Amino acid sequence: MEHIVFGIGITALTGALATVAGSAEDTESNIGSQGDPNSQVQLAPQMGFLHRIFNKAVAGEPPAYGLWCALGAGLAWAFMAMQVNAILAIVLGCILAVFVQGVYATTAYLGRTASLAKFGQPVYVDIIKSMTTVTMAHAFIAIFCTVALCQLINGALGHPFPLPLLALIWGVALGAAGSATGNPYYGKERQYQNQKFGAGVPISASGNIVRYAEAGERNSIDNGFFTHKIGGSASGVCFGLIVFLELWRTILFERIYAGWGAIAVGVLMILIFTVIDRYIEVWARKNYGPYTVAKEADA
Amino acid sequence: MSAVAAKPTAGGAVNPAAMAVGVVMLIIILGLTYTISPGMGVMALIGIVIGGVMIGFGTHFVPVGGAPAAMGQAPGIATGVAMLAAGAGLAGLFGGAWAAELGIVVAVVTGGIGGGLMMAITCMMVNFVYVFGMGIPAASGKVLHDPITGDSQAEYKSQGTEGHGLPFVSFVGGVIGGILAGAGGTLIYIELLGLYEATFPTLMSATPAQVLPVAVSVAGMFAVALFLVNAVLTAYNITGTIEGPHDPKFKRWPRAIVASAVASALCGFVAILIVAI
Amino acid sequence: MSVKIEVIAGGVPHDKIMIAGLVSTLVCIYLTYLNAFTNTEVFSFFGGLAVVAALIWGSHTIKVLCSYGIGTGVPSAGMIAFGSGVIAMLLATKFGMLAPIVAVVLAAVIGLILGYVSNNILNMKIPAMVQALTEMAVVGALTVMGFAAMITGGFTFTGLTTSTASFLGFPITSYANSFLGGGLIAVAFLLGAIAIQHPFNACLGPGWKQDRMLMLTAECGFLSMIVAAVMSFALISAGSALISLLVAIIGWAYTYSQFFEMSKRDAAAWLDSKPIPDTEGQ
């Protein structure tokens, strides 16, 4: 019993860490225009819309976060093997991983922007200086939380995988959850604030991203500020739910019927999420209504 | 100063000769494995091939829209197909590896449910953001009616786009894809772990308890590597984006099955050679 | 509306980069074998140099392949390269002294078959596919082997699965505290997989320049070498790890500043705290 109570406590803690990680990850990638919305930041100068948005295309978010988290964990593992205290080791490992992230971010911005010289897009040194540090700060939070939750899973809950491999797995999952949930909100809602609300961006408008702010010119910190409110929080909830429910069902129900208990609970939760999803979909159809009158013959 | 030399011409056509060559390669690799390690090796390889095929087939179900999805221009999840499948499958592998000592059936099912749960939460949150964050209902661009619910799609598509969000069929596809990917990844891991646990002690002349971390780590790494190879091959097959099981591109799956089987057999064969020679 | 990738001919031809990359990688990996001859670990840093050489070759291969527009992102190419490479590399470590050669041959075979599978069975019909996947599998195998040699001081299977630590004066063999047992191979895998695709991914566009991209590759390689050197403190002697770290930092600082210079050279303008220029045509 005590064992289960301990497990539940650790599970709650990992869930909380994962929520913070997901939120920080999405904000970081939105400030850096990483992931799929990057295509628009890259396209804009080619359509004649020069901008002052940070354009750091390191890779898709899942592989990039797979690396940052695995690297933080690998370094933390190495420091722990050198008899450094675990918390200090994780902090040191994450600092070095963030250093790598920052260097990758600057080279990605410089490389992409220099290759757009033909369209007159200038390199802004102040963007490198101010945005990189902000993304590094958010990345540190995301990496630290992920590595810490992997250390808890490995050390306290006894998962067989070594720390770096666990961090690779959860880093990729973090990037996948964060990019899936957060990208549309940044890509549609923020980059195309000038387009109609409640509708997708027409393909003909591609590249015409918003470049001016309430006062002056929009920069990427404004984007992080905006998207954090819904996209970032939703990404945090998404990754938090994934980690928490995965651990929770295993810790509480794995012992029932030799593992089948946890499976049954998992199936039940998938069904619950299916019902919620269907409810959201129907709610939207009913309340927002169709864009055009139904035409059955439309191909 | 040549521009793009050729656009990808990957169509839906099946190349029967190449498929036959693929099947022959598969049989040759199985035969080779039988000559080196009949019994355990062959069993492990068959498990790896089944796991790889499950990953390859499962990735077809995962609704991914790529860059246009991030602008609400195309339905699906706004990220890369290979990496989203990897995210779900690895989350499943995490659960499956944890349940490894409960037996292969429980572990594989646990892995599948883990992947399915990850995709269910992610797909639900995607629709949540589309509907409550951006006020956009879900609509498919490829079909007029949702094959599962029968909801009409065309009039919910906003002007100038190919659709947006995740219609119910895409949600179901995502969950099925997650389940198959998670189960396949776990199956590969369990097969390799069993093989390595049995052979590493003699190979490295150490006790089973001592080599366990190495066996777990190598089997886990290989499961991840095989996962990525299969997921990327499938991504090539569907040229990056797919809406789910109702998408016409879904019909290309026979090619991916053969491709995944050959690739997994090849990589699995090499992984088995480590302990067989 | 994805970004249109344009190819600019010129610069050093790909075959030359490939041969130079293969030879220098193999030479560098073999130089780490001096460790075994001299019974020290000071030559481990050659493993890191092998990584840099292999990555330069690999990133150019990615450029050749991705110029065709493979339908999915550039990063996936790095993933398949390392996914197939890491398996070949681990089998090769069983061959002792011959390991690097075996890794090349084995990875080439795997890459060749994967190339055939994608091009013919999956009907991709991209002319460069078979050769590119073959090369990338070799690069993947050699890069992971380079990292392994750098972090552990050798590239034999025993060396990768064990480490000796002294506990209260007695040497004890540990399996969990090793390159494979500790899962450091996962870090090496991703360090390489991101470093191989990043240069082309970051430099693509109409103003792509070969020298700038290759300089960025060298920068990514040395950057990965810095963190690998920090990790190697856990498995090899502090002095040897320090040498690796110094070599890596010097190489990184040089390539990073050179990359800044080249970006400055190629950029339309280099501005600090300036507004958007008024030259736009709308």
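Chains: A, B and C, in written order; residue numbering restarts at 1 for each.
As a convention for this text, a contact is a pair of C-beta atoms (placed from the backbone, for glycine too) under 8 Å apart; a residue touches a chain by one contact, two chains touch by 3 or more.
Just so it is clear, the model here is predicted, and its values are computed rather than measured.
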Farthest chain relative to chain B (centres taken as mean CA coordinates): C
Chain pair, A-B or A-C, that carries the greater number of C-beta contacts: A-B
Distance from the mean Cα position of chain C to that of chain A, given in whole angstrom: 26
Gap in Å, rounded to a whole number, between the CA centres of chain B and chain A: 21
Where chain B touches two or more other chains, by residue: 66-68, 73, 80, 83, 213, 217, 220-221, 224
Shared-contact residues (touching 2 or more other chains) in chain A: 39-40, 60, 63, 161-162, 165-166, 168, 203, 206
In chain C, residues with contacts to at least two other chains: 1-2, 4, 73, 75, 79, 176, 181-183, 186, 189
Contact set on chain B toward chain C in their complex: 1-11, 13-15, 17-19, 21-22, 25, 66-68, 73, 80-83, 204, 206, 210-211, 213-214, 217-218, 220-222, 224-229, 231-233, 235-237, 239-240, 255-256, 258-259, 262-263, 266-267, 270-271, 273-274, 277
Residue ranges of chain A in contact with chain B within the complex: 35-40, 60-63, 159-162, 165-166, 168-170, 172-173, 175-177, 179-189, 191-192, 196-206, 230-231, 234-235, 237-238, 241-242, 245-246, 250, 254, 258-260, 262-263, 266-267, 269-270, 273-274, 276-278, 280-281, 283-285, 288, 290-296, 298-299
Chain A-touching residues of chain B, taken from the complex the two chains share: 66-73, 77-80, 83-84, 86-88, 90-91, 93-95, 97-100, 102-103, 106-107, 109-110, 113-114, 116-118, 120-138, 144, 149, 151-152, 154-168, 171-172, 175, 212-213, 216-217, 220-221, 224
Chain A residues within the chain C interface of the complex: 39-40, 42-43, 46, 48-52, 57-60, 63-64, 66-67, 70-71, 73-75, 77-79, 81-82, 96-97, 100, 103-104, 107-108, 110-126, 161-168, 203, 206-207, 211, 216-217
List of chain C residues in touch with chain A within their complex: 1-4, 73-75, 78-79, 176-177, 181-184, 186-187, 189-191, 193-194, 197-199, 201-209, 212-213, 216, 219-220, 223-224, 226-227, 230-235, 256, 259-260, 262-264, 266-277, 279-282
